[in-house]
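In the two complexes that follow, subunit A is the common piece, with subunit B as its partner first and subunit C second.
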Partner chain A sequence: MYEIVAFYLFSALTIGLFIITVMSKNVLYAMTSLASAMVLISGFFFILGADFLGVVQLIVYVGAIMALYSFAMMFFDATRDIKEKNTNNALVFLLGGMSALVLVLMFSAPIFSDSIQALYPMHEGAGNAQDVGIVLFTKYLVPFEVAALMLLVAMIAGIILAGKKMDQSLTEDMSADDEIMIVKDEK
Partner chain B sequence: METTLVENLPQVTAVGVIIKAVIILAVISAIAGFGTFVERKVLAFMQRRLGPMHVGPYGLLQIAADGIKLFTKEDIIPQNANKLIFMIAPVITAATAFIALSSVPVFPDFIIPEFIPLLGGTFVPSIASDLNIGILFVLGMMAAGLYGPLLAGMSQANKWGIIGAARTAVQFLSYEVVTGLSILAPIMLVGSLSFVDFNNYQAAGIGSWMVWQQPVAFVLFLIAGFAETNRTPFDLLEHEAEVVSGYATEYSGMRWGMFFIGEYANMITISVIAAIVFLGGYDPEATLGWLTIILKIGFFFFLMLWVRAAWPHVRPDQLMWLCWKVLMPLAVVNILITAIVVMV
Partner chain C sequence: MIGLSHYLIVSAIIFSIGLVGVLRRRNLLMLFFATEVMLNAVNIAFAAISHYYNDLTGQMFAFFIIAIAASEVAVGLGILIVLYKKHGSLDLDDLSSMRG
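Then we have the complex of A and B:
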C-alpha cells in the first residue's frame, strides 16, 4: 500500500518538475526543478529495494547539478527570465516526434513486461551494494573500465586546459591584474 | 526495508518510526538552540570574556530570548528576489539536515511503557530508518543540504548573496571528494555501509577503535566535515568580514533561523558519524553504553567550537588548494595502502 502511494506521489512530482524544467524561462526555476526531480528519482530506487542505486543517484546528481548551477550563475541573471530563441523548426519537429515515439514505447512496455526477466536478480543474502559490485566487475567489466578511462582522459584534458597558471595564486598574481587593466582600458 | 538489527528485537512499526521522527525533530531542534548558547559561552571563555550573562541565571534564558526574537521578527522578502525559491531555500537546509538524521542512530531503542494509553508497548527503534547503506545516505543528504545556501544566494538579488552562492558551489565541489574518499578506507575494512556493522566492528573496546587503524582517514574526515557544516576555518559562505553575511544577507526572522537550525543539526550529524565510524560508537549492551557516545558527540561538538576560537578562516582559493592538492592525494594514497593491506 505504502509503495503504491509513494510511487504515484513520486511519479506525479517527477513528471511535474521535469515539465517545469523544460517550460520555465527562469533559469533558477529550471535548475531547481531539475535538481529536485533528479533527487526524487532516487525515491523509485528506494521503492524497488535498490537502496545503493538510490543513494548513488542522489549523490551523483546533487553534485552534478551543483556544477551546472555554477555555470548558470556565471552566464545568467538568475532573478530574471531569459529570452529563448527557437528558430530551427525542423529540429523542434524532429525532437518532438522522437519524444512522442519514446512515450508510446514507454506506455506499451507493460504489455511485454511479463516476458522480461532479470538476468541478475537480487540475492536474498547479499546486500545490494555487493550485487551491483559483482555485476559491475564481471559482466560489465569492459564498459566499466572504458568509462573509467574516458573520465581519466577528461580529467587530464581539464587539468591541461586550466593548469597553465596553476602554480600562481589568483589573488597574488600580478599578471591577472594586468589583464583586468587591459579590459578596463578597452572599455 | 531490510534491517541489520539483531533478530530478537521487537517489530519496528510505522507508529514507532513516527514517534522516533518526532523525538528527533523535537530534541535536535532544542539541542540546536542550546548549541548556540554553548557556542557563545565556550567562545567567550576562550577569549577571556563572559559571554551572555544578563538574561536569566548565567545567561541561560538567552536561548528563550533569541527564540522569541527569531519567531516574532518580520519576515522580509526583497522586492527583486525570486520569491518562491527565496522562501524554499531555508527549508531545504533544515529539512535535509533532519532527513540525514533519520538513518543515524540517535538515542537507544526503548519500548513505551504499557500504562501509557494508546501508544503503550510500541517499540521505538534507535535508527528511524535502518538502511543498509546508512553512511552513503547520510552523506548524500547532507550534500543535498548545500542547495539551501546556494539557492538562497542566487535568488535574493544581492551581490553578497551571489558571492555566497558561488562560494557554496566552490566549497561543495572541493570537500565532497575528500569526504567520500576519506570514509572509503574504513568502509573497506569493515566491508559494510551500515552504521550498525561499524559499531559491531569496534565493539571490543578502545583498542579496536577505527581511529587507530585509520588515523589519516579520521583527520581527513574531520576536515571535510568542518567544510561540510560551514564551520570555521571553512565558513566562506557567510564570513562577515568579507561578504557581509553571504547567502544569508537578505534573510530575517525564522527563515534565517532555519539555516542555523540546519547547520547545528548537521554539526550533530557529523559528530555522530565521526563517533560511530572512528571512535567506537555506542555499546548497546551496557546500561551506560549510550552515555559514552553522547560524550564523544559532545567532544566533537566542542572541538568545532574550539577550532573556531583558535583558527582564522581560509580564503576560497586556499580551500580549493587544500582539498584538491593536499587532502585528495592523501586520501587516495590512504585508500591504496588500505587496499593492499586488506588484500594481503
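Then we have the complex of A and C:
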C-alpha cells in the first residue's frame, strides 16, 4: 500500500516537474524544477531497494551537477526570459513522442522475453551498499578506473575551458550595455 | 501491486519529455537540462530492472551513467562559457556560423 502511494506520488510529481523544466522560459524555474525532480527520482531508487544509488543520485546530481549549473547560471544572464523561435510545436511533440515510443519498444523487447538471467544476483543477508561495493570492485573494476580517468579528464577540460580570460567580466561588456540602452529606448 | 511495467512506463514518459525538450529547445543551457532529463529516465529504468530481476548489473550501469553525466556537465559548461564569451548569447540560431 505504502509503495503504491509513494510510486504514484513520485511519478506524478516527477513528470510534472520535468514538464516545467522542458517548457519553462525562465532558466531559474527550469533549474529549480530539475533539481527537485532529481530529489524525487532518488525516492524512486529508495523504493526500489537501490539505497546506494539513491544516495549517489542525491550527492552527485542534486549536490554537484545542480551546483555546477547554478554556478554557470551566474555567468549568464539568468533573470531574463529566454526568447526562442519555436518551429512547428505539434510536429515536435508528434516526432518526439513517436521516436521515444519506438526507442522504448526496441529496448524493452528483450526484457519481456524470458532470456534474461541474473549475472550478479543480490545477496539476501548483505545490504545494498555492501553488494554494490563487492560487484563494483571485482567485476567492474576496469570500468570503474576508466570512469575515474574520464572524470579527471573532464575536470581538466572544464578548468581549461572556463578558466581562460577569467579576469574580464562576461555580462558587463559593451554589447550588454548597448542592449540595455535599446530596451530603455523602446520603452 | 507495482510491477516492472509501471516503472518502465514512467521512464518512457520521462524520456519522451526529455526528447521533446531536445527537439524544441533553442537555448543551449535548456538543451543541457533536457539531456539530463533523458539520462534520469534511463537511470530509473535501470534501477527498476535491477530490482525486479534481482540483478546488480542495472545499478552498476546507472552508476556509470551518473559519472558520465557529471563529466558531460563539466566539459559542456566550460564550452558554454567559452561560447558565451565569444558570441554573447547561447541561442542555437545565433551560433550557426556555417550557413550554406
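Note that the second predicted complex is superposed on the first by the 112 of 187 C-alpha atoms of A that agree within 3 Å, B and C clash if a C-alpha of one lies under 4 Å from a C-alpha of the other, contacts with A are read in each partner's own complex, and residues count from 1 in each chain.
Convention: a residue touches a chain if its C-beta (ideal position, glycine included) is under 8 Å from a C-beta of that chain, and two chains touch if they have at least 3 such contacts.
Small disclaimer: the values here were computed from a predicted structure and weren't measured.
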item	value
Which superposed partner A:Ala129 touches (first subunit B, second subunit C, both, neither)	first
Which superposed partner A:Leu9 touches (first subunit B, second subunit C, both, neither)	neither
First, second, both or neither for A:Leu58, with subunit B first and subunit C second	first
Partner chain in contact with A:Tyr69 - subunit B first, subunit C second, else both or neither	both
Partner chain in contact with A:Val102 - subunit B first, subunit C second, else both or neither	neither
Which of subunit B and subunit C A:Leu149 touches, first, second, both or neither	neither
First (subunit B), second (subunit C), both or neither touched by A:Phe93	second
Contacts of A:Leu141 with subunit B and subunit C, given as first, second, both or neither	neither
Partner with the higher number of touched subunit A residues, subunit C or subunit B	C
Subunit B and subunit C footprints on subunit A, overlapping residues	49, 52, 56, 69, 73, 170
Subunit A residues touching subunit B - in the complex, by the definition given at the top	26, 28-29, 32, 35, 39, 49, 51-52, 55-56, 58-59, 62-63, 66-67, 69-70, 73, 78-79, 127-129, 169-171
List of subunit B residues in touch with subunit A within their complex	2, 80-82, 84-85, 88, 131-133, 136-137, 139-141, 143-144, 146-147, 150-151, 154-155, 157, 162, 165-166, 169-170, 172-173, 176, 180, 192-193, 315, 317
Touch list for subunit C against partner subunit A, complex	1-2, 4, 6-8, 10-27, 29-30, 32-34, 36-37, 40, 43-44, 47-51, 53-57, 59-60, 62-64, 66-75, 77-82, 84-85, 88, 90-91, 93
Of all residues in subunit A, those that touch subunit C in their complex	3-4, 7, 11, 14-15, 18-19, 21-22, 27, 30-31, 34, 37-38, 41, 44-45, 48-50, 52-53, 56-57, 60-61, 64-65, 68-69, 72-73, 75-76, 82-87, 89, 92-93, 95-97, 99-101, 103-104, 108, 111, 116, 118-122, 131-132, 135-136, 139-140, 143, 147, 150-151, 153-155, 157-162, 164-165, 170, 173, 175-176
